[in-house]
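Two complexes follow with chain A in common, the first pairing it with chain B and the second with chain C.
Right, the complex of A and B next:
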C-alpha cells in the first residue's frame, strides 16, 4: 500500500517543527538566552539550598546527642587551638606590616587584599566532564565570577557563575580549569590543568612546561602551589603534590601528574576570597 | 496543558533527586546521568505538543545546572523526543518493559551525545574514558532500577491531576 502525500507530511511534521524551533533558538538574542538560563537556574536553586539546610539541621541534632564530657573535651581542644592561632595572628600582623614597609620602600604596587567569605557547600556535581559545586552565597555577599575559592588544604577552584543567593564553583580538578603554578622551591611558572577523577581514587591533574631540572616521584613528591601570575589566585596556595614527571614529546620541557587532596571531594564549607579593591 | 505541567513537575522532582544522589556519591567520584528518563514517558505516552514542550523544558532545566552551551540538553532531548514519537506506534508503548528499554537506549545515546559536545574541553580523551565508561554503566543501572517507579509516578500524577483517565482497579 502506498503512503499518501499528506500522511508522509504528518510523519515529517514533528521534525519540521523541531527544525524551526532549533533555528529560532539559534537566532535568539544572547540576552534572551542568558535571561532564560538564569531563570531556570534560580528555579532549581531552592532544591539544593533546602537540602543543604536540612543536612545542617540533621547535623545539629546529631551533635546535640553528644555527651557533656565530649563537649567539654572539644571546648578544651578548641581553646588550645584558639590560643595558638591568636599568637599566629599577631605574628602575621607583624609580617604584614613589614611587607607593607618594604613595598613602600621599593615603590612596589601593593599586593591584592581579600575579604574572606565563608560559605556552606549546597551541592557537589562531579562528573567525568566537569567538577563543580554550588555554594550558598551569591551576589548578595558581593561574590563575583572569577573569585578564588580556598579551604584549609589549599585551592578549591574559582567562582564560575554567580546567582542571587548561590554561586557555582569550578573545581581545581575540573578538566577545563588551568592555573599558572610553581613547583615548591622554584620560581619558574608551569601550567596546571585538571584531569581525571577515577572512581574510588584520588583526583589528578596534569602539569605542562615543567623545566627539565625538576624531579619528583611518588616516593619523593613535590608541592605544587599557585604562582600569583594571572591575577586570580594569591601566590603560595597549595594545588596538590607532583607525583610523576617525564620528558614531553618535544624534549624541551617535562609534563607531570599532580595528586589532589582527596578531601576536596567531600568539602562542606569553603572560603571565597573576595577582592576588597576589584578595580 | 495540565498534563504537561504535571509532567514538568515530575521532571523537576527527578532533577532534584538525581542532583542529590550525585552530591551524595561525589566522594566516590560516581556521577549518574538520567537524561533518558526525562524524555521516555513524554515521547511514548504524551500528545505531541505537550510532550515535546515537556522534553524541551526538562532539557532547559538540565542546561541550567550544567556547564554546556545553554540549549544543548534541550536540543538533544527534543531530537530524541521526535525520533521516539515517530516510532512509538510500532512499539508496545503501554508495556513497562518497553518503556524501560526505550529509556535505557535514550540514556545511552544522550550520554554519548553530551560526551561528544564536552570532549573538546578534555585534556586527553584517553585519560577520561575509563571514568566516563564507569559513569555510563552505573547510570544505566540506576535508570534500569528507577525507571519503573518513575513511569508509575508520572502516570499516577497525571491520573491524580485528571489529565488522563484513571485505569480501572
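Right, the complex of A and C next:
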C-alpha cells in the first residue's frame, strides 16, 4: 500500500515542529533565552519547595508514630544537646570577645563578619556534569551569588544562582568549584577543585600546586581546610581529607586526591554565610 | 539519425540515434572525465601525501614548553639550587575571538552613531577592540587583587601577531595571597587563568655563587627530537646555564621539553582540543661535593675582604668548599638580572671566581716545593744548616732580605726554616738546587697547568718560569737573583688558589697530584698518583716544619689565639705573602695552605686574601690562617660533635 505525500508529511510533522522550535530557540536573542530560563526556574521552584515541605511533613508524621516513651527519651536527649550547645555558644562568645580585644590591641583590621542563614535543602542534583543542590532560601533572605555555604562537617559549596525564594548551591564536589586551601599544619595555599564524581561513587576532589614537601596517604591522611586567603571562605573550614599525593612530571608541585565527607550528599540543612559587609 | 516530430502540444521530441556528432561529443566528455579522473588520481593518490603534509603544516601549530631544570644538592643532600614556582595571571587570547569580533562591531557602531567622519581603519578598529577586551579582563583581575594594571597595546599586538597560541601574561610573579584570591575567584573555565612556571631559587643566597653559577633566558631550545617537525613552532622561554655548574652540567640539568600540537583556523586561532600533548619533565639532579656548612663558614670568614678559599677532601679530591669574595646573591638573577644589580656586581668586581681565576705569586708557600726539590736531589739533608740568617744576603750585586720574623733567624734546620719561613735559608737552598730543578719539581706537582675541575673558564695564566721560558718568551737571561726570588715563591711564579689546594692535598697524601672534582660520589675511590719521592725521614722533616708553622712559627695564631684554635687537631700549614699590583699600587697577597689532622690528613685548604692598601702590614698568618681556622673548626665540629663544646 503506497503512502500518500500528505500522509508522509503528517508523520514527519512532529519532527518538523521540533526542529522549528529548536531553530527558533537557538535564533532567539540571548536576553530572551535567559529570561525564559529564569522564568522556568522560578515557576518550577515552588514544585521543588512544596515537595521538600511534603518530605518534611512526612518525616514529622513518621516521627510522631514513635511511642510516647521514645519521644520523651528523644526530648531528653535533645535537651541535653541543647544545654551543651548553649554552653558552647557561651564559650564561643567569650572567645570571640577575646579575639576582638586582641585584634583591637594589635590594631588589626576587623575580620570578615557573616550572618548565618540556615536553609533546608529542597533538591539535590548530582550528575557526572555537575553537583548541585537547591536550598529553600533565596534573595528574600539577602543571599547573593558567591556566598559560601557550610555545614557542621565543613564546606558545602558556594551559591551559584539566586532566585526569589530558592538558591542553587554549587557543591564542593562540583568540577567547576575551586577553593584556595591549606594543608593542615602548613600555610602555603594550594588549589582545591571538585573532580568528575560518579553519581553513586564516593565524593572526591583534587588538589594542585601542593608543595613538594607535603606528604599524605590513605593510611596517614591530612586535613585540607580553607585558607581564608581567597576572600570567599573564612579560614579553617574543613574541605576534606587528602588521601593521596604524587609529584607532577615537571617536578614543581604535587597533585593529589581529596576525600570528601560522604554526608555531603545527604544533607537536609545547610548554612549560608552571608557577608554583613558585602563591600 | 535523429528524427524529430512535432506533437500536439507543440513540443519537439527528439530521438537518439546513431548520430556521429553525439558520439563524438560523448567521446569528448568521456575523455574529459578520464582526464579529471586521472587528475583526481594524481592529486589524491600520487600527490596525496604532499597535500596532506601541506595541509598539516598550514593547519597545525606546535607549542613547546621547556622542562624545569634539575635541582643541585650539596654532599649532605641539602638543596643549593631548586625551582621556585612563579605564578602569573594569563589570558588565553585564542579563546577570545568571538569577543574581539563583538567588540569590533560595537566600537565601529559607536563611531558611526557619533557621526564621526574620521572613522578609523579596519586594522585600527581591530587593535582598539582587542585592547579593549583584554583591558576588560585586566580590570577584573585588578578588582580582585586591588591593583591598577593596564594593558600595553604594543606588546599585546606583538603577542597576537607572533604568539597567539601562547598565554598572554597580564601580571607576573604573583604573591601567594594573590594566587589564592585568583584561584578562588576566577571561574574554572575562564580564559583568565593562573599560570605557573619555574624559576631558579637559591636557598643559601650568596653561598657558593661562583660555583653554582646562574642561568639566563634561552629562546633557542633544541626541539629537533620532538614530533611535529616542520610545523610552525611557538616556544615558551626556557633557561640555559650561563656560568658555574649550571653551565657545565646544562645538558644534565636541562629538563625534557613538553609539547602540544594544536589545530588552528586560517586566522591562527585554536580549534578543537589539542591533537597531541606531552608534558615537560624535570631535568636530572646534581649532587655536588660541596659541604654548605663549610662553604658558608669560609665565606663568612672572608667577609668583606677580597680573596678565596678552597677546601678539598684529601683522599678523594672532592671540593668541600670553594669560596670567592666579593660574591653576589644568586637570587637577583631570578627571574631576570636587573641592570642595576648587574652594575652593582660589576662595580664590586664580583663576577670573578678568584679561587679558579685569580693567579698570584705563591710567596713562601712555594718553599715546600723548594724543600722537596732540594731533598729529592740531595742538595740538603733535614739536619743541614746551610745558612746563617742575619737578615740579609747578597745575590750577585743585589741585596736580598729576610722579611719574616725579626730577620735574625741564625742557623736553622729545614724544619725550623719552614716553620719560621726564613728567606735567607731558602735563597741559599734555592741557589744550590737551581731554577731548573725547582721548576721541574713544581711541574711534577702540576702547578703549571689547569686542574681541569668541572667549572667553565678556569684560568690558564698560571706560570712556573725557568731559564728556558725566560729566553723563549722574553729573550732575556736568567740570573741568580731570579732563582733566589723563585725560591721564596716570588718573581714570575704564578698559581691559583685551587692549584695550591690541590698541592696541599697531594702533599698530605705523599703524592704529587690531586684531581679536584665538584661531584660527590659516596663510593669514590681514594686518589693515588705518583708518589712524592721523599724518604719518610725527609717527609717527616717537612711535616714537622709545617706543624711548627702553626704552633710557634708564622701561623702560630692558630694555637696561641683561643678564638682560632681547633682543639685536639694537629695542623700542618705554611703561610705566604706575595706582592701584586692593584690600582692603588703594590699590595700584599696573603696565603695560607694547610692540611689536618697531621697524623692522618682528611682535609686540605688553600686561602688567598688580597690586601687593600699599599704598605699595610699584611701576612698569611694574620689574614689568611684565620679563614682556614674557621673552615677547619666547622669541619671537625661536624666530625666530632663535642668539639664545639670544647
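Here is the rule we go by: the second predicted complex is superposed on the first by the 243 of 279 C-alpha atoms of A that agree within 3 Å, B and C clash if a C-alpha of one lies under 4 Å from a C-alpha of the other, contacts with A are read in each partner's own complex, and residues count from 1 in each chain.
One rule holds in what follows: a residue touches a chain if its C-beta (ideal position, glycine included) is under 8 Å from a C-beta of that chain, and two chains touch if they have at least 3 such contacts.
All figures in this text were calculated on a predicted structure; none of them were measured in a lab.
Visitor: Which chain, chain B or chain C, ends up touching more residues of chain A in the combined arrangement?
Guide: B
Visitor: Check the residue A:116 against both partner chains and state whether it touches chain B (first), chain C (second), both, or neither.
Guide: In the superposed model, A:116 contacts neither chain B nor chain C.
Visitor: For A:193, decide between first (touching chain B), second (touching chain C), both and neither.
Guide: Once the two structures are laid over each other on A, A:193 reaches both partners.
Visitor: For A:60, using the defined touch cut-off, is the partner it touches chain B, chain C, both, or neither? Pick first, second, both or neither.
Guide: A:60 sits against neither chain B nor chain C.
Visitor: Kindly classify A:230 by the partners it touches after superposition: chain B alone (first), chain C alone (second), both, or neither?
Guide: In the superposed model, A:230 contacts chain C only, not chain B.
Visitor: So in the superposed three-chain picture, is A:22 touching just chain B, just chain C, both, or none of them (first/second/both/neither)?
Guide: In the superposition, A:22 touches chain B alone.
Visitor: Could you pull out which residues of chain A sit against chain B in one structure and against chain C in the other?
Guide: Common to the two interfaces on chain A: residues 175-176, 193.
Visitor: In their shared complex, at which residues does chain B touch chain A?
Guide: Residue list for chain B touching chain A: 12, 15-16, 19-20, 22-23, 26-31, 33, 48, 52, 56, 60-61, 63-67, 70-71, 74-75, 78-79, 82, 85-86, 114-115, 118, 121-124, 127-128, 130-132, 134-135.
Visitor: Spell out the part of chain A that touches chain C in their complex, as residue ranges.
Guide: Interface residues on chain A, with respect to chain C: 175-180, 188-189, 191, 193, 209, 227, 229-233, 248-253.
Visitor: Of all residues in chain A, which touch chain B in the complex?
Guide: It comes out as residues 11, 14-15, 17-18, 21-22, 25, 33-34, 36-37, 40-41, 43-44, 47-48, 51, 123-130, 132, 160, 170, 175-176, 193-201, 203, 206, 265-266.
Visitor: Can you check the complex and tell me which residues of chain C touch chain A?
Guide: 67-68, 83, 85, 144, 176-177, 179-181, 183-189, 194, 196, 198, 255, 258, 279-282
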